[in-house]
Every structure is written in C-alpha cells, then in structure tokens.
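Before I ask anything, here is the structure I am working with.
All chains are identified by letter, namely A, B and C, in their written order; residue positions are counted from 1 within each chain.
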Amino acid sequence: MGYFIYLVTLIAIYMMVIISYAVPVGWTGLLTLGHISLLAVGAYTAAILMTHGVSFWFGLLAAALAAGGVSFLLALTARRIKEDYFTLITIGFIFVVNAIIVNWTSVTKGPFGITGIERPSGFEDPFSFMALTVLALLITAFFLQRVVNSPFGRALESVRDDDLVAESLGKPVAKLRIVSLVTSGVFVGGAGAFVAAFLQFINAQVFWLDNVIFILAAIVVGGLASFRGAIVGTLVLYLIFEPLRFLPFPPGLIGSLRLGTFSLLLLLVVIFRPKGIMGRAQLGE
Amino acid sequence: MQSSSKAIIWVVVVLVILVGGYYLYRGSAPVETGPIKIGVLQPLTGDAASYGESEYKAIQIAAEEINKTGGINGRQIELIAEDSKCDPQAGGTAAQKLVNVDGVKVIIGGACSGETLAAAKITEPAKVILLSPSASSPKVSEAGDFVFRTYPSDALAGRINARYAYEKLGARKAAVFTELTDYAQGLREVYKTSFQEFGGEIVADETYNTGDVDFRTQVLKIKSKNPDIIYVVPQSPTPGVAIFKQLREAGVKAQFTTAEVLLDRQVVKDNAKALEGVIGVEVAVDYDNNPKANSLRTAHRAKFNSDPGSFAANAYDAVYLIRDAILEKGLNTGKIRDWLYGVKNWMGSVGAITIDKNGDPVMGENVRKISGGAVSDLGSYAP
Amino acid sequence: MPIFFQVIANGLVTFAIYVLVAGGISFLYAATRIFHLANGVVVLGAGYVFWWAWVWLGWHPAAAVVFSLVISSAVGLLMNEFVYEPLRRRGTKGLGYLIATLALLIFGTAVVMALFGAQPRTFDFQTASLVFGGVYMTVFQLWALMISILLLIVFFWIIRFTRFGKALRATADNETVAEVLGVDTKMLRRWAFLLASLFAAVGGILNGLEFNLDPNMGLIFAVRGFTAAVIGGVGSFGGAVIGSALVSFLEQAIVWFLGAGWRNAIVFILLFFFLLLRPGGIFGSKN
C-alpha cells in the first residue's frame, strides 16, 4: 500500500510537469527540452527557503515565480531564433542550470544537496501528502484546460501550425510564445516545490538528463495538443517502467532496459503514428 | 474518439488493474517462515555503478556463504536488489518497493550518501534497518535511529591522509584535485582544513565534473605550482586512473596520494603502471592475514574472476553483522537496532568494529601503498 | 609562456576529435537539413565495438579498427534508411527530425549500456611523452592529430574536386534545383551518412584510446558536435574547423581561469550569444 501511495504521488508530480509542458510543445509548437531545469529552479528555490524557516506555501509561490521568471528569460530567445536552434539552446540551458546548482555552493550546497526539507504541517504523512499533490494536479489541469480552450489557446495553435500566416493575420507571435512558456514555467516551478517536499532531500542528480526524454516521450506518445493524451502517455510510460523492475532481469540491466523501451516507443510513434495515441497535431509538419 | 484510441485506453485500464493487483498480492506474502528477505539498495547503473556492483558482489558472496552453512536459524537468505542509481529519487522509489512490496526488514545500502538519505526517509517510519557500507556524509549520522553504517564518516580518512603527508612524508605544499560530488568534496574539505592546521600550504585546489575525461588543464595548473604532494579524490576509479596517467604524461614530480576508491584491488591490478607508487588511506582490511577478508577474496576470485572492489569488505561485514544480529535477536527490528548500537569490537574483514550512538562505526583506517599492481600496508596512522 | 603553449597543445587533442564529429554533423545538415545528433551514438558505439573486438575477442588492433568502422557505418546507414527516410517521405520538417534523432540517441545509448555494461571502461594503453621546448605531448596524441588532419584534407578534397562533392554542394544550396539537374539526392544522402559515420567512428576510437569509454559519451559528443558546428556555421567546412577549434580552446581556457565546473555552461552561453547575434555562425551568412 505504501508503495502504491508513493508511486501515485510521484506520478502526480510528474503529471503536473507534463501537462504544463504540453502547452508550449503541443499547443505552441515550441520543442523545449529545458523543463527539467525549470523543475530544478522551482525545487531549489522552495528547498532553500523552506530550510530557512519559510513555510511550504510561501516556498511554493516563490518557486513558481522563480521558474516563471527564468522561463521568461529563456522565452526571450525564442523570439529571434529558428525552431531547431531554439531546441538546441534549451539543451544547453540544462547544462547551465546544472553548473549553477553544482558550483554556487554557498546557496545550493553544491554536490552535497539540500537536506532536511520539511513537508507542510498537517500533511506530513504519505497519504495526506499524496492527496495534496493530487489536488494540486487537478487545479493545474483545470487552469490549463481553461487556458487552451480560450481564444488565447486557439491563437497558440495558429502559431504552431504556421507562424508566418499567424503573423500576417496580425497575431503577436513573439508575445504568444513568451506567455505560453512562462505560464508553463510557473506551473512546473510549483511542481518543483512538491518534488522538494516529497523527496525531502534534493541534489543536482535528481534533475538531470534521464527524465528529460521521459517527459518528451510522454507527450509525443500520448499525443500533442491533448491533455488526455498527455495523461494517457504518462500512464502508459510509467506502467511500462515500473513493472520492468519486477521482471527477472539482473538489476543492473533494468536501467538500460527502461531507457531503451521508452526511447524505442518514442521512435516508433514518431515514425508510424506521429499523432500519438490521441493527439490532435504533430510536430514538424 | 477513434476506436484505436479507445482500445489503447482499455489496455491502460487493464494494465493498472493488473499492476495494482500484483502489488497487493506481493504485499501479503508470509514473513514468518521461508527465506529471510534482505534488501540490497545499490547503484547498479550510472556513475557510481563501479562500487554499487562491487558492494553487491561482496554482499552476494556473504549471503552465499551463510546459506551454505545452513542460513540463519535454518532459514536461507534471499537477496532482493534494486538499482538506486546514486540518485535520491531512484533511491527513494527503490526503498519504497523493498519496504512495502517486498516487505524486507533490513536493507543493505545505499552506496552514495544522497540515496541513503532519501531511503532513510522511508525506512525510518517503517522501522526498517538501513545499513550502508559506504555512505560517507556526516548527515547520515543523524538520518535516523534505524540507520547504521559500516563506513566511518568522511572526516577520518581525509585527516589521516593529511597528517601522514605532513608528518611522515614531510610535505609542505599540497595540491588537491577532486571530483564535484558530495563524497569527494567532503574529503577535500577535511584534507584542506587538516593540512593547513598542521602547518602546510594548499598551493592548488582543482576540481572536475563527473564524466569529464580531459584533465590536462588542471594538471598543468597543478604542475605550475610545484607541489610536494598531490591528493586526488575521484568518485569512481576511471577518472582517477586517467588523472594519474595525465599527471605522469605531463612529467609532474610529486608524491601521489588518493582515497580508497582507487585502492580497489582489481583496479590496481589492471592499471599497475598508472597507479605505481600511489599512497592511499582505506579501512584496515587485510586480505592476506585476516581470515574473513581472505575468505572474501578467495570466494570473489572464484565466483567473479576478479579481486574484491571498493568497499567490498565493508559490504561483506554488513551482511555478517546482520546475520549475527538476527541470530541473537530474531527478526524484530527494534531488537536488531538495539543489538547494533551495542556492537563492541566485533571482528569483521575490516578488523574490529564498534558502533557508536549515532550508528556510525569506529574502525581502523590504514595507510597503503600501491606497487607492482598490488596494495601493501604501511600501517595504521592516527587522524 | 610555455604554459600557454601547453594549453594550446592540450586543446589540439580534443580539437582533433571534436572536428571529426562536428564536421560530420555540419555537412550532414547541409546535405539533408537534419541535425543528426544521433551521430553521437556512432561515436559511442565505435569506441565500444573497437574495445570489444580488440580487448575482449583478442583480435589484432588493425582488424578491430576495421571491424568497428564497418559496424559504425552500417549503424549510421541504418538510422538513415529506417528512421530519416520514412520521415522524409512523409514530409516531416525540422522538429519531427529532432525528436527522432534524440530518441535514436537515447535508444542507441541504452543498447550500448545493455551490451557492454553501464560503467566506464579504459584501455590499458599509454604512449611515451615527447617534449618540445617545454611542451608535452604523447606519441598517440600526435598520431591522433595527424590522422584527424589527414581525414580533413581527404574530406576537403572530396568536397572540392569530386562529382560527389559538387553534387553535395548543389544540394546544400537548393535541393529541388539539384534534383532537377539530375542529382540522385537519395543516394547522395546515403553516401553522406556513410562518410559522416566513418568520421564519427574514427573520432570514437581515438577518444576511447586517449580518454575512456563512457555510456554518456553519446550525448556529450552530440552536444559538443552541434555546438561547434553551429558556432562555426553549419554546412561550412571552414566553419566546422573553426567552431571545433574555438570550443576546444575555450574549454581549456575556462578550466584554467574558472575551474572545471563551468566548462559546459560557458560553452553554451557562447552558443547562445551566437544564435542571438549571428545565427549563421562564423562562416555562415548573417541570417
């Protein structure tokens, strides 16, 4: 039972990241890979504040704002750069954030990581923390749903489908991209605060490359421009992931087996079924 | 909705039911009879895999030996290993599975401090014993009542090395070259403080990232400062070997010293030339004269065709400590915990171990020298 | 002063390896408009296959090299046939390829990890150090540099003086026109992948011997490769050379002045500024 609660909490946090991520990628056509670093920004902001006596709720707010701010900076570059290059920059962004985490020891404690992160009072036991996380997920989903079903959301989709046409129709393409990225960043930052409170110990290792492709694969496999797709994609990947642990393979092999399985799945989807399970669009079309 | 999408949704629902059902089934397996399940939490992939595997191998040998002589009170040991990847998140999930799905009462691991601290958050409330053979961060001392280790806190090895360098080797100018990980940085800080306290000067303080392979620039900087002695602390053997190689290529003339990762017996055998003359500090495991250590080495060679690796002795002893605890106190973790806190001068492959009130061991550390592809003992030295 | 030259000498070694990878990515982009980041897998795989043949199977090193080159080229060609060509037939553009190449990169890394284990491996291989006026280089480093330069010269000759080279340049300029003029662009792409994979494979073997084999290398080389290619100007031969040189020497300088922790980050910040101010790279157009 405890394992189940743990898994649900973890999946819920990642789902928050993934559906936020779906907005710039699926709806706006911006293939960013930097979300794991926005998560890191959120988690570290929250962790640093919480270990200095600040409450979880304030830490959550600060995390969201910090990540939003950073994604604003990242978004500024999206204005003048071609899409492929933008993606490459977001990869670089992961390295830059990692370097800051590891080297700015006075603030982030560098390789030692931050310990002793407390859960919000009243929510210390696993079950209630899980409930809180799921609630946060539902709020995120609800809010983002409203966003993409609004005229704003449709404007985003026109940018994705053909930005030149959108521009000529008078849509402020650059501004739309920035807002899309910042909104997503804010929610991912919030999820970061949950990561910090959940693990109660973070270091640079948690926010490194393994998870980047997982997040991307969940969106693509599930299908772009569809929240249900993102959710289904996450579940499919996780449900392939976790049970692999129980198979009678030597434990050392399981790591590469997981990486291999979902990258292969991503590849197959891109080649044979680019819309994913239930997407409404595809990238690079 | 397309019918194929619907089909896929059904598959997902069925999967959730199957997986959930499996968890519930596993969770209710009997605990009183049958094999004793011991969890193993080690980084089997990733950068720390070299000692994750090294510890896992030693644990397997210990378990096999115990099982061959009848197990513990007639029950065989069954090891359940999970990959923690030296990552708090993976470590936490793995610990969760071991505790809640497999129902283990004892976990040997993690290897890295990060994963150990994360796992402790799960083992403590569940009153599961967490015994780490190699976590070195001081934070582990306070990680919990049920958290123990068979590896002393960082401070010891770094300080011994610094004192030996200053007093015995007469070094006055030291260069430090360490990996950017918690383990290596911990040793670096202790070494620097100690060496300066004794009266020496740190002339160079270089670092490198996990995964870097090119150290020439740092080597050059170190060389330009003309140190008497160089202290290299890698997280895993490969970069350490490369650093010494590149130091030699650049013609650096100084005494080379290191921490225990490079004293891995197999690594020393395989890289005899690169590691010639290097001095290091490690736990006082004596593979030639200590019968337990000797037995470990023989079995390791027979089963894995290689010599024991880093922290192998610590891991081997961890299993035997648990065996002794269970033999005397049964499977009640509260009683095992009390027994462990009372350990005094217990003879392991690393020599005598006493466990203090924080669950940390007091054990000997010796200075070693690498020459001719083997490790020889230079005796113990006070910190 | 000798320190300065030593830093240059240090940089030459990494330059020799980077330029082989960056060059491949650069000219593949010119020929196919694909950022073949999965080239990193070829670098990774080549090193490991070479290790397997030489150390594990005990073959003669020359045979191991040939074997590695053959397998690596095959892998590169297969990636093209089974992933990029189908995507191209469907009319995919930019981002679709990027996702595919990233997936290939990760998948390739997973396969290598499964086959060869997740730990780094070294070759027990060291050559003598030579001194030139206070500067140290090993025999192998000199060989590596020479091999790399030789390959670059060969490549330059191919681009300038062969039919293939002309066809490549024509396609890079304008694919549709090239086809009209009779260039078989499909075969051209195949040859391009073959060549790029061979180069990457040589880089992988050299890297393995000089440094070590590490499963994460695939990603690292892909990233370094594209950084160097883009900074220098994708599609330009001189660009790949200059870009690789810049990245190599910049890395050495950063480690000297700031320490290793900032190495990758600063290189990316440089990339960032280039993309903002001069996306064409050093040798590219201003657009």
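Note that a residue touches a chain if its C-beta (ideal position, glycine included) is under 8 Å from a C-beta of that chain, and two chains touch if they have at least 3 such contacts.
Model, not experiment: these values are computed from the prediction.
Look at the CA centroids: the one farthest from the centroid of chain C belongs to B.
Between the chain pairs A-C and B-C, more C-beta pairs are in contact across A-C. Chain A and chain C have Cα centroids lying 30 Å from one another.
Chain B and chain C have centres, each the mean of its CA atoms, that are 36 Å apart.
Residue positions of chain B with contacts to 2 or more other chains are 44-46, 49, 53, 180, 209. Along chain C, residues 113, 117-118, 259, 261, 263-264 each make contact with two or more other chains. Touching two or more other chains at once are residues 102-103, 252, 255-256 of chain A. For chain C in complex with chain A, the touching residues are 35, 82-83, 86-87, 90-100, 102-104, 106-107, 109-111, 113-114, 117-118, 219, 223, 226-227, 230, 259, 261-265, 268-269, 271-272, 275-276, 279. On chain C, the positions that touch chain B within their shared complex are 3, 6-7, 10, 13-14, 113, 117-122, 124, 126, 129, 131, 136, 138, 207, 211-212, 214, 216, 220, 251-252, 255-256, 259-261, 263-264.
The residues of chain B lying in touch with chain C in their complex are 44-46, 49-50, 53, 180, 206-209, 211-214, 216-218, 220-221, 224, 236, 238-239, 241-242, 245, 248-251, 270-271, 273-274. Chain A makes touch with chain C in their complex at residues 29, 31, 33, 77, 80-85, 87-89, 91-93, 95-96, 98-100, 102-103, 209, 213, 216-217, 220, 252-253, 255-257, 259-260, 263-264, 266-267, 270-271, 274, 282-285.
Interface of chain B with chain A (complex): residues 1-2, 5, 8-9, 12, 15-16, 19-20, 22-24, 27, 44-46, 49, 53, 56, 81-83, 85-89, 92-93, 96-97, 99-101, 114, 117-118, 121-122, 126, 137, 139, 180-182, 184-186, 209.
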